[in-house]
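Pasting a structure below so you can have a look.
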Amino acid sequence: MSIVRVTKEVVFLYKIILQLLVSGIAMGFVYGLVGIEYTLIWNSTGLLNFSHERIIMLGAYIFAGSFVLQTGLSVLPAIVATIIAIIFFAVFVAYTIFIPLRNMSALCAIMSTVMLGNIINESVRLYYGPEAITVKGFLTGMIRIGTLVVARAYVVIIFVALIILALLLLFMMKTKTGKAMRCVAQNKNASSLMGIDVQKNMMITIAISFSICSIIGLLVIPLYSVKQSMASMISLKGFAAGVIGGFGSLPGAIVGGLFIGIIENIAGMIFPSTFKDVVAFVCLILMLLLRPSGILGKKRIS
Amino acid sequence: MKRTFSILLAMMLLLTVLAPSVVASEETIKIGLLATLTGYPLNGEHMAKGAQMAVDEINEAGGILGKKVELDIQDVGNTTDVGINSCNLLISNKVVSIVGPHYSSTCLAIENLINAAKIPMLVGGTSPKIAKIDNDYLFRIRASDTMQAVAAAKYLVEGLDAKNVAILYGSDDFGTGGMEIASEHFSSVGVDWVAHPFNNEDTDVTTQILKCITSGCDSVMIWATEAAYPIVARQLYELGLIVPTITNPSLAVDSCLAQLEQEWVEDWYCVTDFLTSNSEEKVQNFIKAYEAKYGTEESVDLHCAAYYSGVKLVADAIERAGSTDTDAIRNALMETKDFEGIIGTMNPNENGEFIHEIILAQCNDLKVSYIKTIGE
Amino acid sequence: MKNILRVESLTKRFGGLVAVNDLSFEMEARSIHSLIGPNGSGKTTTINMINGTFPPTGGRIYFGETDITGMQTHKISTLGIARTFQNIKLFSTMTVEENLKVGGHSRLAPHGVVSYLLNPVEARKEENKLQVASEEIIAMLRLEDIAKSVVASLPYGKLKIVELARALMSRPQLLLLDEPAAGLNPSERAEFIDVLLKVFESGIDLFLIEHNMDVVMNISDKITVINFGSKIAEGDSASIQNDPEVIKAYLGEKYIMI
Amino acid sequence: MFSRKHTRKIYAVLIIAALAFPLISNNTYYITMLCLAFIYMIVAFGLNFITGMTGQVNLGTAGIFCIGAYTSALLTTKTFISPWLALLVVILFGFVIGIALGYPSLRLKGVYLSLTTIAFGEIVRQLVNNMTDFTGGAHGVRAIPPYCLFGFELNTKLRLYYFLLAVTIMFGLIAYRIIYSKWGRVFTAIRDNIDAVDTCGISSSKVKIIAFTLAAVFAAIAGGLYAHYSGYINPSTFTLNLSVSFVVMVMVGGSGTVLGSVLGAVLVSILPEMLRFLGNYYQIVFYILVFICTILIPNGIVNVFLERQKTKALPEKN
């Protein structure tokens, strides 16, 4: 009798751990996507984009607020329209901020992107109003595998993340523009001497990374509706994912994201749940101190 | 060129700081409103609209004591610093009383200021901590958390026969306050309970819900701000924890319901101080007037109703006091008897709490319907 | 003669690359010693190890009798070894005088922050000492007219001298100079050599790394030649000039016969 | 345009203006706003050593400020020891945090350090928010007693104003002495060329840690003062936004100068208030102004007017 009970408990525990792993992995892919986006801009401009949580939010607002709710587009054209709108915005931001700022001190760069984020945030509040909005029925629902429950949005996130990663890697390895981007990442001056248009390159990278931002924004709508604070935590964890995976490495960002997603969920089970963010950030600091090149990183930080 | 511009910019910034302040006019009676207009979470706009509507109605009816009423709206952001500044600004603008703020933490930060300035403040902060403060100028125009949470906990135990409750609460002042009161009640009636917090920024509450499931709970109580509902409700449904659930008033706010899917919150209960489906005449009239003023797409919620009532209550008190002396207003407020507010009949107790009733409601097909009113 | 610097089978590997291989030499006190070699022969790596920028993979370095192998840069500096860099490393937003004062910080102003704040009298004394010392050096190197200018606005030739002046502020026994003549035009070079000799006369031993033969040959007491990280010759300028190994390293195999 | 001698005159004018202000306007609104600006000034003085001088972006100052505030608040409300004694503990904490935060700065550079400090700030805020039993959680700490000075309770705004003014002048003096001393030179030297600092016989690691410790002690003390000034603290104040504000103070005011920190703190704490007449738009206007400043005058307002602004500029990134 007691053996039965123990077995039951073990099975129960097993199920719970499996469920935790699943949601950890799903959130991990979100963090990983954010990390990829950071990495792209970091590689091409050497700046960290501190406004990017607001760009994720902006993408979600443009999609849900402008295209779906205001103009009544159906989901697919709305997604395309959002990405196009964000790319226009990216080009604008690239030419007004990132390109002129590329030779500025890290301090100025950080502060100006932070302020850009604040400006976007306030504009969104003024334009779309303070209430949270959502797109009903967009990617909702769930999939059951045995006792395991996976939100449909999670599955989509994992697929999209993998597709984006694969496309980016292909783009970087095979296309001329991608190769040029890698050159710029390694040495801006040498690249411009070799006839690579560094400014155009930066613009393309920023456009790509902003579109990834907007895609992240779209993907998380079914998880927690569109509101101004929607990306504040995932953007910080995305940083952490990038660093833990190895800054500058695209697959590393995904690995780092998975690491954080899983660790924080397990930690949330052991400690009071609200401490899981603390655990994620402690991991980040430890990683920076013990192995600053990250799990997959090769380059030494200097 | 750039240097000239830089100098001009620098000079401009310096001059802005030295800009003279606006002098308060003596012609009108000023009522201050402290609302969260920037920062998170945002409900200040609704507060401001409700309060403004009250002021407009009063002015249309000829004002108070022959004078027009003016609403001085100031943003408290979501930090205590901005809250302190805006409260001081209102005091220096010579308002006769202050309505708001909505959040208990801001109330706690500024209560000593209004006490020193002897200006009555009618807050919507519901934390039990506020009731414990010895401050003669602090009034509450919403049902306290103590009342709300106890009502919710009582209904879980008595109405829904809960034996083992899981409390999911936001780790902010609001959620923690509700959890403390409810858990105390559960302990006192011998019901098992577990409580799991989540942060407002959390994007995933799987661990918390799994912990609830492991505890073998037969009912759930949620105490959190609106922002948490889309995540918590969805994951409760997905992870299959579908048991009798009762929540704080956030569920009854239309903008919150708009973000939820029908099956997530089917049959959930909530306690609330304002319900659009409440068939009482004063409520329906208020909704009609509000929609006529601001257009129909603007959803009416408890914020509009509570602060509308607050302003009306202050106006009534000034009328009764017959002067704009703040102490007279304060005394008149304390002498209020059966003032008909939109969110209930207002009668002050010795702690300055005006509302002593709460509505129990249930959500069906994303419509929250009235069940009954619970008195204290 | 006493040795001021002794290097024993010094080795440095970067991954698979051997930058310095089993290098040994001795430098006599009161002498100008040069280390020469073609590009990439490991000269700067050697000076970086002496100066403590990175630890050697193997071997030992003695400064006088003290073993300084693997010591931290700032400790080595306080022992009395100063250096200049091939691609000048100055504090570009500060004035020449301020640069010099930073150079004298550890020798003349060793007090910590708290004692500095609590004891204004001592603080002023320290500052005066720094002022006097920097004025001395400025006078010695004839930098009076640029003493108050910000470094970033100065021409390259002056920067070399300012860097030297900053190194002198710590009153070292031994000065390591990494390619001091690089990037200077002939007249600047001549001026710089004069300055170097003046410094040597003031009692500081010089250890030069140089690429430029005429500088080395004119002033060195002893020259060590390395190629691919290993010593290939050592001696005074005359013997080095005729050494076939050296000619081969510099000019290639076929020139030996001529 | 101005030399150092001129700035001394400016300091004198500023101090006299600050002393005379309550005589001209006894408006609590302005007095408390200035009190807050004084406290922020102390933080900015400290942060100037790290961010303004050694050039390392610290985005975790709110965390240190928070620890200072909570240490003092909890000690005085829970154990009833005097706020002055608590201040000693705060200084000790600041010291420890400074060293603890300084060590990562030895290994990490640029944005990596910014990330670490952001993570530190978040950890502190979340811990304070969630260790409910110990810190009071999101409810915060109430009824923090005011400082007592020579038997006077600093409970009125006016007393508090002069007390904070005095403390700020003291810290301003300390900061001024450090900036225009051998330490100031070494801090700037670290920003300009860290390798050369070591060859000058100065341990750059030690200097960095000194800079971090100074900044942390300043921020922690300011936090302690803040707790007693406000009388009530809660975790929602100590967000990343606050850390950003501190950096903005140093940057917009003018990095590397005391006057810059003074100006920056006044601007950041008073400008949004002055813009309130813009109603809904006041925040966005404030952010746009700061944004324009960071792009056009990255060295801050003071350095526009200072003689050496062209050359004392932040070095370009290589």
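First chain written, first letter: the chains are A, B, C and D, and each begins at residue 1.
Going forward, contacts are C-beta pairs under 8 Å (C-beta built on N, C-alpha and C of every residue); 3 or more make two chains touch, one makes a residue touch a chain.
Keep in mind that this is a model prediction, so the values were computed, not measured.
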Q) Just how many steps, at minimum, does a route from chain B to chain C need if it may pass only between touching chains? A) 2
Q.
Need the central chain here, defined by C-alpha centroid distance to the all-chain C-alpha centroid.
A. D
**Q.** Farthest chain relative to chain B (centres taken as mean CA coordinates)
**A.** C
Q: List the centre-to-centre spacing of chain B and chain D in whole Å, with centres computed as mean CA coordinates.
A: 34
Q) If you average the CA atoms of chain C and of chain D, how many Å lie between those two points? A) 41
Q: Would you mind pulling out the distance in Å between where the CA atoms of chain A average out and where those of chain B do?
A: 34
Q: Going through chain D residue by residue, note those that touch at least 2 other chains and give them in order.
A: 126, 129-130, 280, 283, 315
Q. If you look at chain B, which of its residues touch at least two other chains?
A. 38, 171, 197, 199
Q) At which residue positions does chain A touch at least two other chains? A) 122, 272, 274, 277
Q.
Taking the top-of-page definition of touch, could you list the pairs of chains it picks out?
A. A-B, A-D, B-D, C-D
**Q.** Of chain A, residues touching chain D in the complex
**A.** 42, 46, 48, 97, 100-101, 103-108, 110-112, 114-116, 118-119, 122-123, 126, 236, 239-240, 243, 247, 272, 274-275, 277-278, 281-282, 284-285, 288-289, 292, 301-302
Q. Contact residues on chain B for chain D in the complex?
A. 2-3, 5-7, 9-10, 13-14, 16-17, 19, 21-22, 37-38, 74-75, 78-82, 84-86, 88-89, 91-92, 104-105, 108-109, 112-113, 117, 127, 129, 133, 171-177, 197, 199
Q: Within their complex, state which residues of chain A touch chain B.
A: 12, 16, 19-20, 23, 27, 30, 122, 125, 129-134, 136-137, 140, 142, 149, 151, 220, 223-225, 227-229, 232-234, 265, 268-269, 272-274, 276-277
Q) Okay, in this complex, where on chain D does chain C touch? A) 174, 177-178, 181-183, 185-186, 188-189, 191-193, 195-204, 210, 214, 308, 311-313, 315
Q: Would you mind writing out the residues of chain B in touch with chain A in their complex?
A: 38, 40-45, 171, 196-208, 210-211, 213-214, 226-227, 230-231, 234, 238-240, 255-256, 258-259, 261
